[in-house]
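The following pair of complexes shares a single chain, chain A, combined with chain B in the former and chain C in the latter.
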Partner chain A sequence: MKKRRTYSKRSLREASQGYSLMAPTIFVLALFIIGPILYAFFLSFHKVQLLGTATYEFVGLSNFTNISDDSRALRALWNTFKYVIIVVPIQTLLALILAATLNAGLKGQSIFRIVYFLPTLTSSAVLTLIFMWMYNQNGLVNEILSILGLPTYNWMGDPSVALIAIMIMNIWATAPFFMVIYLAALQDIPDSLYEAAELDGANAFKKFIYITVPNLRPVTSFVVIMGLIGTFQLFDQSFIFSGGSGGPDNSTLTVVLLIYQYAFKSLGTMGYAAAIAVMLSIVILVATLLQRKFSKEESLY
Partner chain B sequence: MKAKKWLASGVTTMLIGGILSGCSGGSSGSSEGSGDNVEITLAGWGGNPSETRLLKEALDSFEEKHPNIKVKHEVISDQYMDVMKTRLIGGEAPDVFYLDAFEAPALIETGVLEPLDDYVTDEFNVDDFEQPLLEAFQKDGVTYGFPKDYSTLALFYNKKMFEEAGVEVPTTWDELREVSKQLTKDGVVGLGVAPELARMYYIAESLGGEVVKDNKANFGDEKVIEALQPIIDQRNTDKTAAQASDVGANWGGEMFGQEKAAMVIEGNWAIPFLEDTFPNVEYGTAEIPTVNGEKSTMAYTVSYVMNAASEKKEASWKLIEYLTGPEGMEIWTSKGYALPTRKSVAEKLGFDQDEKRAALVAGASYATVWANGVNLPTIMNNFNNQFVSAFLGQRPLDEALKEAEEQANREIGE
Partner chain C sequence: MKKKLSVGKALLYGILILYAVITLVPFIWAVSSSFKTLEEIVSGTINFIPKNFTFDNYKQIFLEQELFPRWLLNSLIIGVAGTSLNLLFNSMAGYALARLSFPGRKTLFIIILAVLMIPAQVTMIPNYLILRELGWLNSYQGMIVPAMINATFIFMMRQFFINFPKELEEAAEMDGLSRFGTFFKIVIPLAKPALAAQAIFVFMGFWNDFMRPLIILSDPSMFTLPLGLNTFKGQYISYWNYIMAASMVFTLPVLLLYGFFNRYFIKGISFTGGK
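Right after this comes the complex of A and B.
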């Protein structure tokens, strides 16, 4: 049986009122978010020259198929993948540990909260510049390493460590933000659970593993997804770090940096850049779906 | 971090939305009659304070001569070409702007630049320009820009270190390698190298190879590899050369100023930098040692070009004519921050007699101009990326360059 929906005058009027109130937001969303997304899809199927007289030449899927034999694109994808795989778990774990220590009722913890949170307040561009200064061949980092008797590196000029340098920088900057989210979630866990566990003779470590971690599962899921999206989109740090080139030797070339290079640095590759952008969004979507599937966040309650 | 960005972009979006709806159609094209006042926009990247002062002086004197034309000077301090291309696409580009020779062919091809030949009068005297520099802005005999200044590369050497080591300034590349060995000691390297195509181009072509052939990358050519091999060997076998980041500096001039390299190959820009930042370093300049018996160097040049979509072309030309004319150029180059592209001005200012700049001026006649076809940016990018790994000794040069050439040509397409 087919359902038929009927619209009374009243409900139509209500709807139109609703939409007219939302109109400014819808307009802005359509113009600045939905429009560009659709335009990017459109571009990804064309060979585009925007400068001068704009030309669009339909090339079907060839922009996408070209990605697979573009060694720089593959390198960028590999770098980004490596970056995500290493940064996301570390920053999540670090955020959890920091939050747990801050929630343990130590002395002066509000001071520590502020200190831990400070890195987040710095803009990532400034942060990168400060770290570049510390990573200098004669900079602070190497100074400390040599005092400790450890090997020093040319952090910015050596392709084998440049990406690691960015990872360290980003973990340091992002973990505190997620720490705050964890902190809020930690304070939501009912004390009665801990009391019950204590009666059963659980020590602090066991309480952490068997009560804190499982109760934080939905938040962990959120943190990991945000972390995935954020790290897949790594751009500003590697851009400033390498002066926009993705060097040394393509070692800090990320997918978004490559998109930028194709879109702005060479003429006539805007469509190809759009295709890589579409591919990146698919990769992020898949990663997020996989994460959700494995974390089973709803199963807790 | 991401959440912060979302918030920021949301706020900007709303602000821009508000602004857009507030002022649409602000700049309507005013017709320019002879008596009307017009305002034209000139855009460029920023220089140091002294350079800014010189340009201001030149613009003031222009406005004095043309009281009905006002010049609005815009400085785009970062990512100049990205900003300019975006504004050209959006139809909001300035009337007159700087254009590096390196980017010129691609921009000329798209047709966004106004051909200037019809504006030129006999009085302007085009033949006065150094020909190779002018040719960088020409296509099929049509001129799209007049070079405002240029710089070449020369060998900067530290006088004190040379004295202590008891060596002479090298005149051939073989001598340079020998001298470097004696200069390298106590954390100082003989030669500071910038391992990038913009600085290596003349060496790469010194044995007759071509870096760019038919608008495609060709630096995997045996002759090019053979020509570049000595630089790699000097770092990895002799251990007498280094790049700036190896010693914790940002670029060659700084490396030289900090006395971590006894020699660097830099351009005119390093002279005011060394004067301002490292006044105690005693140095001299010399022409670049001959490679394979021939003199060579690079020249970098920038021109003023006119936006083809400009509505004030007459006034824009007046500005270009003045700034690249003898009078404006003399003001602009008078302090030696940049070298004049007009022979007459160069003669008048006497830079060929200047102790520090003579070597740079001498290079102008045989220099290779840093510009070659529309695909040079792509070719350069791939070269730089792989050349560094060879320079650092991580892989053989021929393998690195051949792979980079393939990748570059794949990006260029058919």
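Right after this comes the complex of A and C.
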């Protein structure tokens, strides 16, 4: 009996210690994360007027149904979709190839690793400005292309290539980050697997396909999910690239840029912007879950 | 056999060097442009070594653009204060979740895991309205407080503390240290590698953040560097020499940080990339 009491006293003390250590986290979670998520749902069913004191008018589902009539929203969705579908596979593959190459036991690995890591360190704002400078009409990219005898483009002014320009820049910028994740995972693959394969007469390519790739599957799943989340949220680069407009001719307009414009650049459309944001979150969540399910089923074989 | 091996090696080196060139060229081009005169910039010739090497672009952005030093200072204040609070609060939460039992612990942990999956765009508009209500738009606290914890690093610290030997803490408790005493005097000092990795990533997060400052800060004197740089570009639209010089000033602190903490960087990434 007595023992029990001291136990509960102890657990009471431990609980209070736990809550004090968690207090800042609980505060931020409640005020700036959980609260806002609920608030976002609330906003998405309302028309919001921000002049003076904010007013909310309930409009039901119309914010959501309006999306399908909004040609800019459809364009933004299409651009974002195209961007995700093209960038995620390429950056994942490039990261894997770079990591495998770096892991092959060559000299000077650490120097290459430092060099490759530079884009990861540099802010998106700076990277975008550097690329804009290179994408100039008579900038470095076009000069190199013409030296190689390839066609040149008006990268920033031509709607048919502007999004591709951003894709190239971002694949270049993010692949090395995922490469480092792959590198760490490569170190965990037991050498004995490779030694066994070598005894069976497998060459380097076969070892890569039959040992490295399958063993990296959980990490690939992680890299693809991170890639999906990142690409769906493309904003900084399109914003800076187009001066906030999503131009030329809406070709670099992404979903997040559109949310920003409706929320902060035009009046009375904040609720609509919240509805698009809620939709985007659901899309990201579904894509993440699908990817998880897909990669789990795959690993059953 | 031997010859085949060296061909393969040559191919691998080829890939590595080619990609190193692809990575480096934009940076070298930016650095070189920042030391060129405007005349040379607009002439459109491709030379990586400036013909008339000049520091004028750097002088110009610091002396003529009065707000530039202010933006640098704002970025530093927000980055340093935000990072310190993150280190403290994330470790506290990670420790509590790993070591202490209290009602609601599991729920809190699940919420933190769920938060990892929630894109910032949902909370962006409500957060703006909340900060507006609080009168925190255009303020340091508006930039710092909502970001003073980070779910990823709470999770990472929890993993770290779970694997942390309990015996040390028990010994400290025997010696009469309180729970908080143990935490601050024994646990935190031993968590330095995990904290270093976290510090770098959180600082970079603050330093490079573009969207939050864009929404929260509208007064140019409160701008952080990324925002300042963006308006700078609008103002000096064809002065790429100035824009590149400003970009280099912006990048240098992170490069220095990386130089000092190189090994923690890789460790930190493998932490977040791990199982």
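The rule we apply is simple: the second predicted complex is superposed on the first by the 278 of 301 C-alpha atoms of A that agree within 3 Å, B and C clash if a C-alpha of one lies under 4 Å from a C-alpha of the other, contacts with A are read in each partner's own complex, and residues count from 1 in each chain.
FYI, a residue touches a chain if its C-beta (ideal position, glycine included) is under 8 Å from a C-beta of that chain, and two chains touch if they have at least 3 such contacts.
For clarity, every value in this text was computed on a predicted model and none was experimentally measured.
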{"item": "Chain B versus chain C as contact partner of A:67, first or second or both or neither", "value": "neither"}
{"item": "Partner chain in contact with A:138 - chain B first, chain C second, else both or neither", "value": "both"}
{"item": "First (chain B), second (chain C), both or neither touched by A:261", "value": "first"}
{"item": "Partner chain in contact with A:102 - chain B first, chain C second, else both or neither", "value": "second"}
{"item": "Between chain B and chain C, more extensive residue contact with chain A", "value": "C"}
{"item": "Touched partner set for A:115, first chain B, second chain C, both or neither", "value": "second"}
{"item": "Partner chain(s) touched by A:177 [first = chain B, second = chain C, both, neither]", "value": "both"}
{"item": "Touched partner set for A:49, first chain B, second chain C, both or neither", "value": "first"}
{"item": "Partner chain(s) touched by A:124 [first = chain B, second = chain C, both, neither]", "value": "both"}
{"item": "Touched partner set for A:229, first chain B, second chain C, both or neither", "value": "both"}
{"item": "Common interface positions of chain A, toward chain B and toward chain C", "value": "28, 31-33, 54, 124, 136, 138, 177, 229, 233, 264"}
{"item": "Chain A residues within the chain B interface of the complex", "value": "27-28, 31-33, 49-54, 69-72, 120, 124, 136-139, 154, 156-159, 173-174, 177, 226, 229-230, 233, 244-250, 261, 264-267, 269"}
{"item": "Contact set on chain C toward chain A in their complex", "value": "8-9, 12-13, 15-16, 19-20, 22-27, 29-30, 33, 44, 46, 85, 88-90, 92-93, 95-97, 100-103, 105, 108, 111-112, 115, 117-130, 145-146, 148-149, 154, 179-180, 183, 204, 207-208, 210-211, 214-215, 225-226, 229-230, 233-234, 240, 243-244, 247, 250-251, 254-255, 258, 262, 265-266, 269-270, 272-275"}
{"item": "Residue ranges of chain A in contact with chain C within the complex", "value": "11, 14-19, 21-22, 24-26, 28-29, 31-37, 39-40, 43, 54, 97-98, 101-102, 104, 106, 108, 112-119, 121-127, 129-131, 133-134, 136, 138, 140, 143-144, 172, 176-177, 180-181, 183-185, 204, 218-219, 222, 229, 232-233, 235-236, 239-240, 243, 256, 259-260, 263-264, 270, 273-274, 277-278, 280-281, 284-285, 288"}
{"item": "Touching residues on chain B, where the partner in the complex is chain A", "value": "1-4, 13-14, 16-17, 79, 81-82, 85-86, 88-89, 106-107, 109-112, 243, 245-248, 374-375, 377-378, 381-382, 384-386, 388-389, 392, 394, 403, 407, 410-411"}
